[in-house]
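Down below is the structure, laid out as structure tokens.
Order as written gives the chain letters A, B, C and D; numbering starts at 1 within each chain.
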Amino acid sequence: MFDYQFLIEVLVGGLLSGVMYSLVAIGFVLIYKTSGVLNFAQGAMLLFAALTFVSLVERGSSFPVAFVITLAIMVVLRVSVERAVLRPLVNQPPTTLFVATLGLSYVIEGAAQLLWGTQVHGLDIGISDVPLDIAGVFISRFDLFAAAVAGSLVALFALFFRYTRTGLSFRAVADDPFAALAVGLRLPRVWASVWTASGIVALVAGLLWGARLGVQFSLSLVVLKALPVLVLGGFDSIAGAIIGGLLIGAIEKLSEVYVGRLFGGGIEAWAAYVVALVLLLVRPSGLFGQKLVERV
Amino acid sequence: MTVMVTNAEVLALEAAPAQGKTRATATADVPERRPAQAADRAAQPVLALSQIALTFGGVAALRDVDLAVAPGEIRAVIGPNGAGKSSLLNVISGLYRPDRGEVWLGERAFAQVPTARLAAHGVARTFQNLAIFKGLSVFDNVLMGLAHRVRSGFLRQIIGSPLARRIDAENRAAAEDVIGFLHLGEVRERAAGTLPYGLQKRVELARALVARPTLLLLDEPFAGVTLSEKLELSEHVRNARDSYGATIVLIEHDIGVVMGLSDRIAVLDNGSKIADGTPDEVRADQAVIDAYLGVAHQDITELAV
Amino acid sequence: MSAAPSTAQLLPGAGAFAITVGAAVAFGAVPLLGSDYLMDAVLTPFLALALAAVGLNLLTGYAGQVSLGSAAFLAVGAYATYNLHLRLPQLPLLVDLVLAGLIAAAIGIVFGLPSLRLRGFYLAVSTLAAQFFVQWALTKFGWFSNDNPSGVIDAPVLSVAGFTFTSPAERYVFSLSVVVVATVLTQRLLRAQSGRNFIAVRDHELAAKVIGVPLLRTKLLAFGASSFLIGIAGALWAFAYLRTVEPAGFNLDRSFQILFIIIIGGLASLRGAFLGAAFIVVFPLLLSRAGAALLGGVFDSGVLEMSQRIVVGVLIIAFLIAEPRGLIALWDRLWRAVARPAAIRNT
Amino acid sequence: MIKSRYLRFAFAAAVASVLATASAARADEQFFPLQSYRVGPYAAGGTGFFGGFIDYLNLINIRDGGVNGVKLTWDEGETQYEVERGVEVYERLKGRPGVAAWNPLSVGIAYAMIDRITKDKVPLITINHGRTDSTDGRVFPYVFPLLLNPYSETSGIVNYIASREGGVDRLKDKKIVVLYHGSPYGKETIPIYKLLADKYQFSLEQIEVPHPGNEQQSQWLSIRRAKPDYVVLRGWGVMNPVALKTAQKVGFPADHIIGNVWSNSEEDVIPAGDAAKGYIAITTQASGEQYPVLQEVIKTVYGAGKGNLDDKKRIGSVYHNLGIVNGILNVEAIRIAQAKFGKRTLTGDEVRWGFEHLQLDPARVEALGAKDLFHSINVTWDNHEGDGRVTFQQWDGGKWKVVSGWIAPDWAFLRPIIEKSAAAYAKEHGIKVRSSGDDPVSN
């Protein structure tokens, strides 16, 4: 008979890991939404944040202190990166900006390893991974905690966007940078704060993923998990990043566990992309992405 | 009173062609030929729209519009902004699918004109906000107007087969001709993206003309152009009809230029046709004056400058 | 990306002269005088990557379709050539290469279909599906690697009409001739109507449609021709350079590397592809050699490598800021500054 | 034109500097070119292994003044574990005088070099990894998968599981899942696990983890459904800690997970935190610094400030000790070759002869100060692995503790399989199979 209990477990596991994907995806969305830049250095910054935090903790500082110091370093890093790299390239075509962020990821990866060494670090944020047993379905405590953190972060951003002035200016810039400029919004300041916000997301994602993988170089490869989420949810929509993440997480796990056997396993990597591609053919700019209106 | 002013403006225009740079080809006898052409308007129209209706999510852009365009005619469609002029042109070129009505190109009727085969049907158009290929040189841009004629496959093009070379030579000759015709000779090698706006407009016109279309659709060719460039462009439009034998549909909201240039004018106001006739009939039509009176002061000041 | 007037147009006489001198050096002097290291570790990989960059430049530079999956087509080219050589030994190597290119082109067209509806980064990320799928398929189905348990294939002997290319110099000349022929054919394609159609589709797709450019055929031709060139580059990379290859060698970093090359070199310019390849392949080697020679004693190779990675990253950003249209625009500006007096003199 | 002039000038300078150093070297020096990787995802392994190897070479130079007076020299080229970088370093260093052997410690780079080193007649050492069929010296004269090839490792793991179940016959109806890294390295052992499953009648499932393996939820859910008795972890890099963490998440006991020789280092378990407690892994060399040779390295090399590891705590770690053992095997091969060819700089082919006679019985190993560090090695001209024995170590949350004696893989069972695969390679590449040790090497 079909083991429904196991199906639920796969689904829940998929959804929870999907949350981790959307956490990374949100870092991309914030920047793309306001400046049309696909910031591929997000992975390297995620690594840098986690590495800085872990190295500080290992040098004796407590979690909160390390968090604050790392946060400060991230803010400085993000603002200076936005100022030094992105602003001079502001109206270049997206491919040039994309490659500039790739170059940036080289710099940050090199600097991170030079500064903190190439060793592998464990990161225990106090949440044990021993699964809860709810009616036979194993759900990991860590995933629940991660989902809670991601959920609160998203809620925070949603409130921030809707009710604060800077949040409003983000949305204005996202909608039409020139109009925003016309009404006197100081674009450079908005972009600097957007990059900082996305830096905070990178830090949180870095800690959560770091706790799961261990803080090491391959942490920066996590961005590959976020790309199908962006394609499915839409590059410029936070809601899309969340729902896209959940969908991709679930699809990945269900396809691998149930369909993988037919292909001999290991199909997870491309299954997510193929599903995103199929849905994309129906909606060419993602489920929630802004439809591209071509003025004739 | 408002009409008076526009009248003066029109007279000035009408006089222009006489002293303007007349092309070598025989445009001298244009005034006599025009009345004769008007007579055979009953002949098969190059373009006909019957009962065209178009709505965008409840907003009626076009309401049962009929339009007939006789061969060799300069047919204008004017109206205030948002009257549906561009929508009409997009229906004619198949970009929009009308909710009702048909578009007749010569003797063939279409519920939606197949955009990809427009060129094959001898129809060419320009765009309101300038659709030239910035990355190509002026000459290549013009050459692109004959893209639909290139039947040789990419392999033949690579090898340079006789067929490919012959078609290429024919196209280049036609392009040279139009480049000369529209005085684009000295900028022909420059990348189109680097030219001033007025020149880019002319390149787009050249690209539309090179295939010697039977029907030429011009979407606000005079928008955003200086007065002297307007005169020059209207000169080229008239020559396009005379030496290239193109029937022209002109969408414009700048009444002054249109009055002097077009044989017949249709006037649209929020989606429906409120007048259709020769420039004189339209100028006297009260409905037109009311429609324009509403926006008249704004247009007039623009003209008066 | 306006196609700045190329150097040849500035100095018509010099163009032809430069080409003949270049050919003489490339085909004659280098193979005879150059060291094994220069050819095997620098020039052959440079040629393979330059050809792949020519292919990607055709697709992304000329036709405006961004693709992040070019490494997958390198892999297809390499594995197709291997299997054709293995399973149809009577076919000469050059026919294997062309057939492998056609197979890569066919797969390129399949993965090019989404480009009809998708644009920009949506298309780019969907080409990643090709990247991961091809990489997975090549490791999963043993048939592609002749059931070698670990999926690694060894290079067949490069022999054309009896003459075998084994020494680094011979393999270099083999790669050079393949790359020169492929680049000349590509240039003819881009100078012809198809090339103009690519740029038209890139600059204003709607206007192209209205004037009768066949959008479907043009885009698929762009994907097909680009994948054809990248497929052959993959075969060169595997059999003239590394001489053994595993699917992991054609990963996402490789796709990014080729994208780097055309963006740094200059979009919509074949010479840009070669300049970009020179920068991305040769420059890091020079940097590491100089680093090792100068600071070898003081730092271990790891520190050198990390600082070298930073320098390359900074340079990439600096170049993009200084000249977004890539090295080719810098080169032409430099050349025009040098050549201006000459140009005036001889016109 | 300007560009290429600059290019030519740079090379001339670089080549000149290289030649200068070489000519200045005294006659008898033995050179080790090192394709090391100290950056990127596998930096932990690279720094440990090459650190240990260089530490041992320093020990020989400082303590003994080289091997019988022949000083050992080396030069490192960074490869970041990428194949084409490895080939570039090979092309750059192959010309140096007195090259003894290549030790890339990378499956991809090793594969790319087999043709090249055979042509150059210089031995390629792939300790604990590489092509299984390169064990057959008749077809691969210059390749040495010392101590352990992937098939022997598999047989060692299965024998260990059998010992825990109380004998090989008790394996019947047991269920083993192999979780392997989606790469040539990972897939190498798929056929041998099937053969062993048929032989001992245990049920087997092999699950692939796509590279890089930073997310394994679906793999471990399939494992939870399959409910196996043991899981063999054939991982590499980030895949290992993630596997242990995810195992804890699905409630699979860590002490029933057996790691292979590339999932057995401190760097593989530290990031997993308490999820790794109780995890067991195979090893050819024990970890810890209590062994005499390690003490000497600490005293003489690190004492003299010439230690290669920046983090002293990593002395005695699994990778560091692997580097030390690899150093011992390389140096002893040279010593054995010198006995035949003379105490001078040896050619690559002579060092190859040394490796083909590298027999270190437990007594000799003890004399080298490596008792209990590794068991023994017995390389012959047609068995380039040398029948290395394995032991198993358990991670107690802080360090590795050996939990089994020296176990011998089932060499007799494996040999025919290896010879069949080597014969196929020989046919495909037209290699004449050697019939005796002194046979002049073909091609």
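One rule holds in what follows: a residue touches a chain if its C-beta (ideal position, glycine included) is under 8 Å from a C-beta of that chain, and two chains touch if they have at least 3 such contacts.
This is a predicted model, so every value here is computed, not measured.
Number of steps on the shortest path from subunit A to subunit D, with steps defined by chain touch: 1. With respect to subunit D, maximal separation of chain centres occurs for B (centres as means of Cα atoms). In terms of their C-alpha centroids, the spacing between subunit B and subunit C amounts to 44 Å. Centre to centre, using the average C-alpha position, subunit C and subunit D are separated by 35 Å.
Centroid to centroid, with C-alpha atoms defining each point, subunit A and subunit B lie 50 Å apart.
Note on chain placement: the centre of subunit B and the centre of subunit D lie 76 Å apart, centres being C-alpha means. Contact with two or more other chains is made by residues 1, 136, 139, 206, 302, 306, 309 of subunit C. Residues of subunit B in contact with two or more other chains: 95, 127.
Across the assembly, subunit D contributes 38-39, 43, 47, 182, 210 as residues in contact with two or more other chains.
Listing the residues of subunit B that touch subunit C in their complex gives 93, 95, 115-120, 124-125, 127, 131-137, 140, 143-145, 147-148, 150, 152, 154, 157-158, 160, 164, 168, 189, 191, 193-194, 207, 211. Subunit A meets subunit C in the complex at residues 32, 38, 85, 88-89, 92-96, 98-100, 102-111, 113-114, 118, 224, 227-228, 230-231, 235, 263-264, 266-267, 269-270, 273-274, 276-277, 280-281, 284-286, 289, 292, 294, 296.
Touching subunit D in their complex are the following residues of subunit C: 18, 25, 35-38, 40-42, 45, 136, 139, 146, 149-152, 154-155, 241-244, 246, 248-249, 251, 275, 278, 282, 285-286, 288-290, 292-293, 300-302, 304-306, 309. Of all residues in subunit D, those touching subunit C in their complex are 1, 3-4, 7, 10-11, 13-15, 17, 36, 38-39, 43, 47, 76-78, 80, 83-84, 87-88, 91-92, 95, 107-108, 111-112, 114-115, 131-132, 182-185, 187-191, 210-211, 308, 421, 428-429. Residues of subunit A touching subunit D in their complex: 3, 6, 9-10, 13-14, 17, 113, 117-124, 128-131, 133, 138, 140, 142-143, 209, 212-219, 221-222, 225, 252-253, 256-257, 260, 264-266, 268-269.
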